[in-house]
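Two complexes are shown next, each including chain A; its partner changes from chain B in the first to chain C in the second.
After this line comes the complex of A and B, so read on.
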């Protein structure tokens, strides 16, 4: 469902400042863990991952079965040669994910953030098809349609609703992520 | 419209109508909204019918919006009511029960109706012949499954194959017949189709191609078999016809509203009749790759057309940018996403990545340095990146070799493209 109010502050990456340290991903995992501590999240809850280790396993369910869980970070550092940039959900005013969602599990909340009813997502991946920002990944640990093989739910940035500043921005050592109001989307002004 | 609030009437209760209502509410919090829909159910997802039939989907996931949705957006639902006529001069619609409803702005989003091909002898003589596009079809099939061991389905499109999966999950032997030589020819290329065929075989679903139903046979209202055009016979006790849907546009007959294959709309989703808009499977919007207007019966297109219709009905001025064909499917738990015309390789460069051990197949079709189509099997992570590259015809010649390889990402693309996406509000 579309909400009526656009998000004011969003997370913007500054690629010239990114040093490819992946702290944003670590911070994100910890913030969305049960214990909200580094050691607790990685060693007790086993949210840890090794991206290289997981390479070659494209199905999160298979990775999970093999004891190599895919990361559940909601931001993602993209790299090529010497360039790196942390990307995540744009919390669009007219979200392609919500327009594609096949059962209304995705919605805009009263702050305009794109959120997920986690108990309603059926894992059809229409949102992954829709999102031009590549901001959505698959979480195989929650299954609402267990009869469907390789079921899971989608996973994307929620702007850390319990925090004033999202954790990725807070932990970034070089201020390569900023949380600010850059005005309204072009189409809103039209 | 000085003096009084605009009355918005939306015919339909699925994606296009819902997003139209929500867009209207962004611009107009006062004007009354009325939904009129033929089906009596609360708004539900047609894309979850087979999971429902299979018994996989819990009830909570099939409803598109909360129970108090209409109240929350101050709308009046008139469900289980069918519009039979649109009278533009009187600005009113007439319902099957004789009542009429007047409007200031009207949206037609009736969707599609299953097409029953002519020439299947005896099809109207049997009870257990079904189509599969509505929740009522699921309930009817569910109630009729008792005593059925074998089912014959006509049509290897998405509806036919999903129906097959749903019925197979209920332990029945299913055979799916298709006149074309391959399944899902619009969404999948032959390699991706081969992977789907293998998954369906694993689920014991039998596929017959280059053939069609000639007759439904049986006695006393009970089906015993289907006779194929080739002369073969499929023993079965139930038949499902799933050869496709056609835009449901009967209600505009005689209204002066222009209809081609679907209802013809301009870039604001308005028909040739002032104040009447159309969106979703019943309408034809711009398809970007061909540059033509045609019905694209997929959810994101219906939702987006509905949203643009809503803005314009409420006095906004928004131009629908158009869409490309796009699909997300899964069979046997293998996810597939495709964009564009995936079999059109003439005069194109084709780049593939195949990992047979992992069941991964990825293909990109590039013409003049621009991405025209993509198929992704199993490795669907971040597929949407390709959607925008195709829609905006971005030049990808300097990274075309990398596009389908594992690890391709935004850092391979031009900085100005990345900046457009990530440095300004969307």
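After this line comes the complex of A and C, so read on.
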């Protein structure tokens, strides 16, 4: 049942420490690449984040039409005036994305994290519609449904299962991201 | 994509989002000969644009149409922020020596003339003098114990780095009391120099305060007042009363470790301060008690001090205000005749005299004054100590040496020359990442040290600053203990004014006489 899982450590941003360097995005891309090296990820695998999108200049679809790499970074630095903050999946206690997923590709694991069965995702993007935080984006490099060119699979923060602490937290130069257990988020339900 | 106009649109938008001042225009490309050149190894660049976002000096830009990062080298100040932050370390900034070699017309004088011909203004700069004036610290060497007197191992035996600043009684008291004179207890004879909030960032001052409390020493508020948020650090704050009287109130004076009257500053002896209005943010205006956005100008002289008698009035006014519980210090720049001035200050009732030497730093000063006015601290310190001892009033004041103390060894040498403690300002800034680019006066320090701009402030979190400062002081403390031990001493107090532990090399007779030390070999 949703919301009954134990609470895991999650990534939390500290707004007043963020210096807008986007190293969390770089770290995320490198960690989720095949080679797991900076130059390998960017120059051999040609991964890249969509910087126009993150600056709000170009929409993701527009970038795809222009044949540019699509964002694969699972965290995203949002800026407003002089403020910046790194955002990613909150791994909600009662995730809307799981409720929205029509074929059980998204699930909550034993530690309370939102996870994805990659082979079950068909790219219907109902999770994107459901997410209140805009934390989900698309990974066009994997295609489960043949013939749908612009589709791919769902892509959100997986808290780096192979690492003790997620890469974005590890690379942040000012410790603006913390990986800790802050207890269950309390939802006020009227 | 729609050609160049999109480029500009992108840049303008991005720059506005990042809080930059003006959109780039073609004319901006042609404003001067570059002093530095940014070399970017394109084979390693991953276009993460970290350098573009980190540069606050309008030097580095991204062109999404060509997918290249380009630099306007004339704007580069060699702050090295991009070099430091680049994840693939593909950036290197090199000096750009484009002119024909000329020993007389060096880069500094030629670019100075270009800048003044452009603007018709006084050339401002930050930090201390960078001229090639003799540094005496390097020409003074320390003694060590050999066969006839054993050295002490500080790891096995107690080694005292504690010192007390303030007026001492004329005779030793039987119970060791200070006869009621207030004393400033320093666990390490190193105090953070006056750097005002406004000139330095909120986070850096907080870091200084945390480090001072942790290490049992003090930080100095500078002339900018004590931010209400830092009230808890009051017992470790030396509060300054300068000619502008910014932020001075009875609460400010009482919530302190000591009060300091600033007469002069090593980087700009004889002139006042000027904090540009754009640096006066809400927080700064609240602390300084001036309107937001107004220039904070401190006059050149203290308008109520025109003689030693006037100074005495202010010293005793502060003592009255603090009920004689805090020592009062007077800070002067090291200038000609400094020993006579110091003698007058001691007689005016000061408990501590701070001497700020030629190389002392600042947040903003005319370059001509910084590089040409004042005398080196080593000579001034030796002369002041000698004069006060000759007049028999050395016990009435403690001496703090400021300006250009770079290492624990220099603290030791300063103490042997007669200082009670040292101020460190530039060294503290270096500890938290300063690269000495001398742009403090511009107010967008790329390392978040001398700025309060919202997007630059987070670059130096207070706890990280404090951690690095504590590390620095711990390292210096160990080094000082080692150096005391090898001289066969077991306390800082045993070294003070002990010039027999010093020898000069490569110094002429006048210099040796001024410093009061013998030449090496003698």
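The rule is short, and it goes like this: the second predicted complex is superposed on the first by the 161 of 190 C-alpha atoms of A that agree within 3 Å, B and C clash if a C-alpha of one lies under 4 Å from a C-alpha of the other, contacts with A are read in each partner's own complex, and residues count from 1 in each chain.
Here is the rule we go by: a residue touches a chain if its C-beta (ideal position, glycine included) is under 8 Å from a C-beta of that chain, and two chains touch if they have at least 3 such contacts.
This structure is a prediction, so every number in the text was calculated from the model and none was measured.
Q: Now for A:182: first (chain B), second (chain C), both, or neither, which partner does it touch?
A: First partner only.
Q: In the superposed arrangement, which partner chain does A:39 touch: chain B (first), chain C (second), both, or neither?
A: So A:39 only meets chain C here.
Q: Applying the document's definition of touch, where does A:78 land relative to chain B and chain C: first, second, both, or neither?
A: Touch partner of A:78: chain B, not chain C.
Q: With both structures superposed, pick whichever of chain B and chain C touches the larger number of chain A residues.
A: Between chain B and chain C, the winner on chain A residue contacts is B.
Q: Touching chain B in one complex and chain C in the other: list those residues of chain A.
A: Common interface on chain A, chain B vs chain C: 55-57, 79-81, 83-84.
Q: Sort out for me which residues of chain C touch chain A in the complex.
A: Contact set of chain C toward chain A: 1, 9-10, 13-14, 17-19, 44, 46-50, 53-54, 62, 64, 85, 87-88, 448, 453-455, 457-459, 461, 464.
Q: Tell me, which parts of chain A touch chain C in their complex?
A: 16-23, 25-26, 38-39, 42-43, 48-49, 51-52, 55-57, 66, 79-84, 171, 173-176
Q: Which residues of chain A touch chain B in the complex?
A: Those residues of chain A that touch chain B are 1-2, 4, 6, 10, 12-13, 15, 55-59, 78-81, 83-85, 87, 90-94, 96, 98-105, 119-122, 124-126, 128-134, 136-138, 144-151, 182-187, 190.
Q: For the complex, which residues does chain B have touching chain A?
A: Within the complex, chain B contacts chain A at residues 18-19, 22-23, 25-26, 45, 47-48, 51, 54-58, 60-65, 69, 169, 299-300, 303-304, 307, 316-318, 326-328, 330, 332-335, 337, 339, 355, 358, 360, 378-385, 387-388, 391, 406-407, 409-412, 415, 418, 421-426.
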